[in-house]
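Order of writing sets the labels: A, B, C and D. Residues in every chain begin at 1.
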Amino acid sequence: MSGDKFMKPQMDAAALQAFLTSDFPQVGADFSVDRVDADGVTVRLNVTDAHLRPGGTVSGPTMFALADVAMYLAILSRLGPVALAVTTNCSIDFMRKPAANTDMICKARLLKLGRVLAVGDAMIFSDGQDAPVARASLTYSIPPKMMG
Amino acid sequence: MSGDKFMKPQMDAAALQAFLTSDFPQVGADFSVDRVDADGVTVRLNVTDAHLRPGGTVSGPTMFALADVAMYLAILSRLGPVALAVTTNCSIDFMRKPAANTDMICKARLLKLGRVLAVGDAMIFSDGQDAPVARASLTYSIPPKMMG
Amino acid sequence: MSGDKFMKPQMDAAALQAFLTSDFPQVGADFSVDRVDADGVTVRLNVTDAHLRPGGTVSGPTMFALADVAMYLAILSRLGPVALAVTTNCSIDFMRKPAANTDMICKARLLKLGRVLAVGDAMIFSDGQDAPVARASLTYSIPPKMMG
Amino acid sequence: MSGDKFMKPQMDAAALQAFLTSDFPQVGADFSVDRVDADGVTVRLNVTDAHLRPGGTVSGPTMFALADVAMYLAILSRLGPVALAVTTNCSIDFMRKPAANTDMICKARLLKLGRVLAVGDAMIFSDGQDAPVARASLTYSIPPKMMG
């Protein structure tokens, strides 16, 4: 999509998963890195009761967390394991009710990886379904040191 | 701010707190309804370890949840205890690092309460500080039956 | 992308262009409908001096207008020539400087076409370039009568 | 609201108006700077036929332009006449139909003025009415040299 030269991945799915487990022990087990590709990363929310609202559907804050983690990992996959990018904006649309008691899949796509800002969007699905449940765009501020 | 006639509160802080405790048992204890006024409501996040990132600061998803709960309660304070308004969009800006291990205060303000959509904004502060940590705007879809 | 049954186009590019010319005479000449497909529509901004900032780049409000027109036409392409959908939200990220004195291309994609709300996103490029200049997500309110 | 020390205005309404006229000759006459205060600035859209949709209401792109100009001037009022801040994001909610053939008033409020990012929100009214027509939040990237 982008043409920026530094968009080639430096970390694969296993390396991102290891980073998540070691640096975010509280939430690392909630998420699985399914895939890293030329557009960004795909992350799975391993649904448990803690993520659910009455009725068995995943809560809005949990979907926000999924989009945020996925885009953060997409940035790290290009910059390497430096845990400093900071979310500055997220605009999220909730479009459909998620399937009950079902994992969610988030495809995060990098659109810009600049010197001070990274921008991307994320599409969230209930596993096995075609129609997106939510859509988010996110911006991150990148501290000066991270870009080498 | 608004001029809409139906903006007068139907539920006070104690009634909203009771609703939160009974209908959202998983998260009800996290939030305290501090105030209901002509603009909207003020909700406190009672910070515990579960809300914190390494370093003791409240996580982004937790601030999203705080803004979402506060605006939802602002809508209910006008419409009465009908638990059906659905978040359709949230755009949130994270502007400053929260104070460590400190409660957060969210002032949610209703800007529109229409037949099918409600819109408002929310400002989030670390308790005792003047500079806002985050700012959110939120839209809710209101099912036909709710407006009586 | 979506799976909604009513996503099949009812109007082609020529029909949308004719609608734009007749119903929006002030701005119709600014835009060309390049394509209607299964995802949405592609609309071109025919750049003139009126759209430019000093330096020859297209202004932010003009890109906003391009995204808004394109998504509106994407909705009409599915619902037929009923000029009543109303923009309720737009979140737009400006990511790169546009190429000077160059047409812009907007690919608008429908993500939801519900009874009361339509949601989509749009990617804006300088004609002939791969890296997106801007990205927008838009929500429209659909009056009851429009859905037949 | 903010507490940042550099939030004190360096330019008054007349100085901002003179800057707008000289540096943005194409649109300068559309806007009047009504007021500069501790929160930000108030800018008026001098409505003409060019801003109107059929029915006499101000178009969405024109309201976007009003919010963008007002926040840009709010930043300049603090930083001085350096015409380089760049809009990176705008999320705008259109909440009510504007009054026909009526000037619009935009109150832009600075929420953060950091080293690399400025954030604020804007409320747009039809002149003489209490209920807001639109609400926007905006982020600007500030080039390194601007902060002295």
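Assorted remarks:
We adopt the following convention: a contact is a pair of C-beta atoms (placed from the backbone, for glycine too) under 8 Å apart; a residue touches a chain by one contact, two chains touch by 3 or more.
These figures come from a predicted structure and were not determined experimentally.
Here the chain-to-chain distance from chain B to chain D, counted in touching steps, is 1.
Comparing the chain pairs B-C and C-D, the larger number of C-beta pairs in contact belongs to C-D.
With centres defined as mean CA coordinates, chain C is found 27 Å away from chain A. Averaged Cα coordinates give chain C a centre that lies 25 Å from the centre of chain D. The centroid of the Cα atoms in chain B and the matching centroid in chain C are 33 Å apart. Along chain C, residues 88-89, 91, 93, 95, 139 each make contact with two or more other chains.
Within the complex, the chain D residues that touch chain B are 1-4, 91, 93, 95-96, 111-112, 114, 119, 121, 129-132, 135, 137, 139. Of all the residues in chain A, the ones that touch chain D in their complex are 88-89, 91, 116-117, 139, 141. The part of chain C that touches chain D in the complex is made up of residues 23-24, 26, 50, 54, 59-62, 64-65, 68, 86-95.
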